[in-house]
Amino acid sequence: MSFLFGGGRPQLSSAEKIAAAETEVEMISDMFNRLSQSCTKKCIPPEYREPDLNKGESVCLDRCVSKFFEVNLKVSEKMQGEAAQRGGAGGGMSGFGM
Amino acid sequence: MDGLNASEQREFQGRMEKKQMKEFMTMYSNLVQRCFDDCVNDFTTKSLHAKEEGCVMKCVDKYLKGSERLGQRFQEQNAAMMQSGQLPGR
Amino acid sequence: MSFLFGGGRPQLSSAEKIAAAETEVEMISDMFNRLSQSCTKKCIPPEYREPDLNKGESVCLDRCVSKFFEVNLKVSEKMQGEAAQRGGAGGGMSGFGM
Amino acid sequence: MDGLNASEQREFQGRMEKKQMKEFMTMYSNLVQRCFDDCVNDFTTKSLHAKEEGCVMKCVDKYLKGSERLGQRFQEQNAAMMQSGQLPGR
Amino acid sequence: MSFLFGGGRPQLSSAEKIAAAETEVEMISDMFNRLSQSCTKKCIPPEYREPDLNKGESVCLDRCVSKFFEVNLKVSEKMQGEAAQRGGAGGGMSGFGM
Amino acid sequence: MDGLNASEQREFQGRMEKKQMKEFMTMYSNLVQRCFDDCVNDFTTKSLHAKEEGCVMKCVDKYLKGSERLGQRFQEQNAAMMQSGQLPGR
């Protein structure tokens, strides 16, 4: 999340460091919630004939997570590229993993 | 999360516990709403009929299994991404 | 909400008790918002020919609330059953009313 | 809510008032968005025409009446559930 | 926002004034988010043939903002009218701009 | 915002900065979710194919341009409304 917090910022107070860690967790959890919402909608039809995930649904969920990460990475790269062009700070927001 | 000292860690943990509780409640509410939306569409009666109830039960099972699977994949991908030096070409 | 807060936890500080009461209200209000969203969508067609609820819409809303509560209860029972099987604490989250 | 003493009750009340304000604002925003979404679908003009405006007015009325009714039923059901010993078989 | 805060309330503490200003900003930002959601859905088809907004999409977005404000104003007037009838405090919540 | 003194202004500014950060993150998450939802619908492969990737790129561009335009119009309208004495007939 150095893209957001400015990797090289000198000294943060305790409260600031905790807030930053909290923000990071919030962002990861927000992304997981959105991914869950999108992938459930795309992979699990609303009929519920059986209580288990069938093979097709399982594989679809796995691939859906992969593709969601890839989209997140593409978007993140694109936005860093544009921030850099405008003379931005650099650093890197590399998706979920900070 | 890395640069926190012991007392900062404790404070952080405390806040995370509150957040986890909220996450659990959000998950629970999503589950109720989703299974209601998908399974209950007849309002000529005021109680669930057997078919609706069966649908809700299967929906809950499937939803929980789906969430678990999504959670596992998410963690794997997230770990992989952090290990890879985070960004390609860095 | 003893399911969540552990019915028999010994002594809570003032701050913890207030936070628990707050969480309870938040949960009830979240459930009401979701119920409103779902029941409005299911019972009120987006045409708005008259400003009043007609008979059919009114009855539909009433039954929708009943069925939403019933679904909430079923889900809650099911999750408690599973938590109990895994050797969980027991207690009971009995839907909205704690 | 039961186990709070007087000063805890006061603190709790204060927080609830803030929450009620937020609830009201969320309700208001939902109302605006819903009636906009359902009633306004022509973007060949930049002002509302009579038909759209009429739709919005009826939408607001109906939405408020619907919310009131839902609120009443919700409270009844919630009260009944708490009275019944909360859980069937308990 | 005097409709909400009671225009003529005598003296607010610092904390209350800051909270009121915060609430105001939150409400404006919430409205912008909802407007963005609705107008994007109504004006930008999910095909993405080109990276730029075309003429039709641009004009649609402009008009959509106008109409959203107008709806907000109508709703706000209507609710004030009803609050006034019930002997409410008066004052005025004139849409986003307080 | 008007009646705040200097130290209140500072406190307020500090809170606004936190809020802006959250707003940015929400905007970013919305963008990712929307472009994913609109562009990725084939789950016979585990990596994006060229067509999906192209769609995502155009989607991001269009979304950002759309948000900018919406933001400008919103500010204009909001300014106009505040200047006009806020409410018609007041």
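Each chain carries a letter (A, B, C, D, E and F) given by its place in the written order, and its residues are counted from 1.
The rule is simple: a contact is a pair of C-beta atoms (placed from the backbone, for glycine too) under 8 Å apart; a residue touches a chain by one contact, two chains touch by 3 or more.
Just so we're clear, the structure is a prediction, and the values are computed from it rather than from any experiment.
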Graph separation of chain B and chain E (steps between touching chains): 3
Chain whose mean Cα position lies farthest from chain F: C
Pair sharing more residue contacts (C-beta pairs) when A-B is set against A-F: A-B
Length of the line joining the C-alpha centres of chain B and chain F, rounded to whole Å: 25
Gap in Å, rounded to a whole number, between the CA centres of chain F and chain E: 15
Distance from the mean Cα position of chain E to that of chain C, given in whole angstrom: 29
Residues of chain C whose C-beta touches two or more other chains: 26, 43, 62, 66
Multi-partner residues of chain F (each touching 2 or more other chains): 26, 39, 57
Ring order of chains, beginning at chain C and proceeding to chain D: C, D, E, F, A, B
Contact footprint of chain F on chain A as seen in their complex: 4, 19, 23, 26-27, 30-31, 34, 37-38, 42-43, 59-60, 62-64, 66-68, 70-72, 74-75, 78-79
Complex contact set, residues of chain B against chain A: 1, 3-5, 7-8, 11-12, 15-16, 19, 23, 26, 34, 38-39, 55, 57-59, 61-63, 65-67, 69-71, 73-74, 77-79, 81-82, 86-88, 90
Residue ranges of chain D in contact with chain E within the complex: 18, 21-22, 24-26, 28-29, 31-33, 35-37, 39-41, 43-48, 52-53, 56-57, 60
Footprint of chain F on chain E - complex, ascending: 14, 17-18, 21-22, 24-26, 28-29, 32-33, 35-36, 39-40, 43-44, 46, 48-53, 57-58, 61-62, 65-66, 69, 73, 77, 92, 94-98
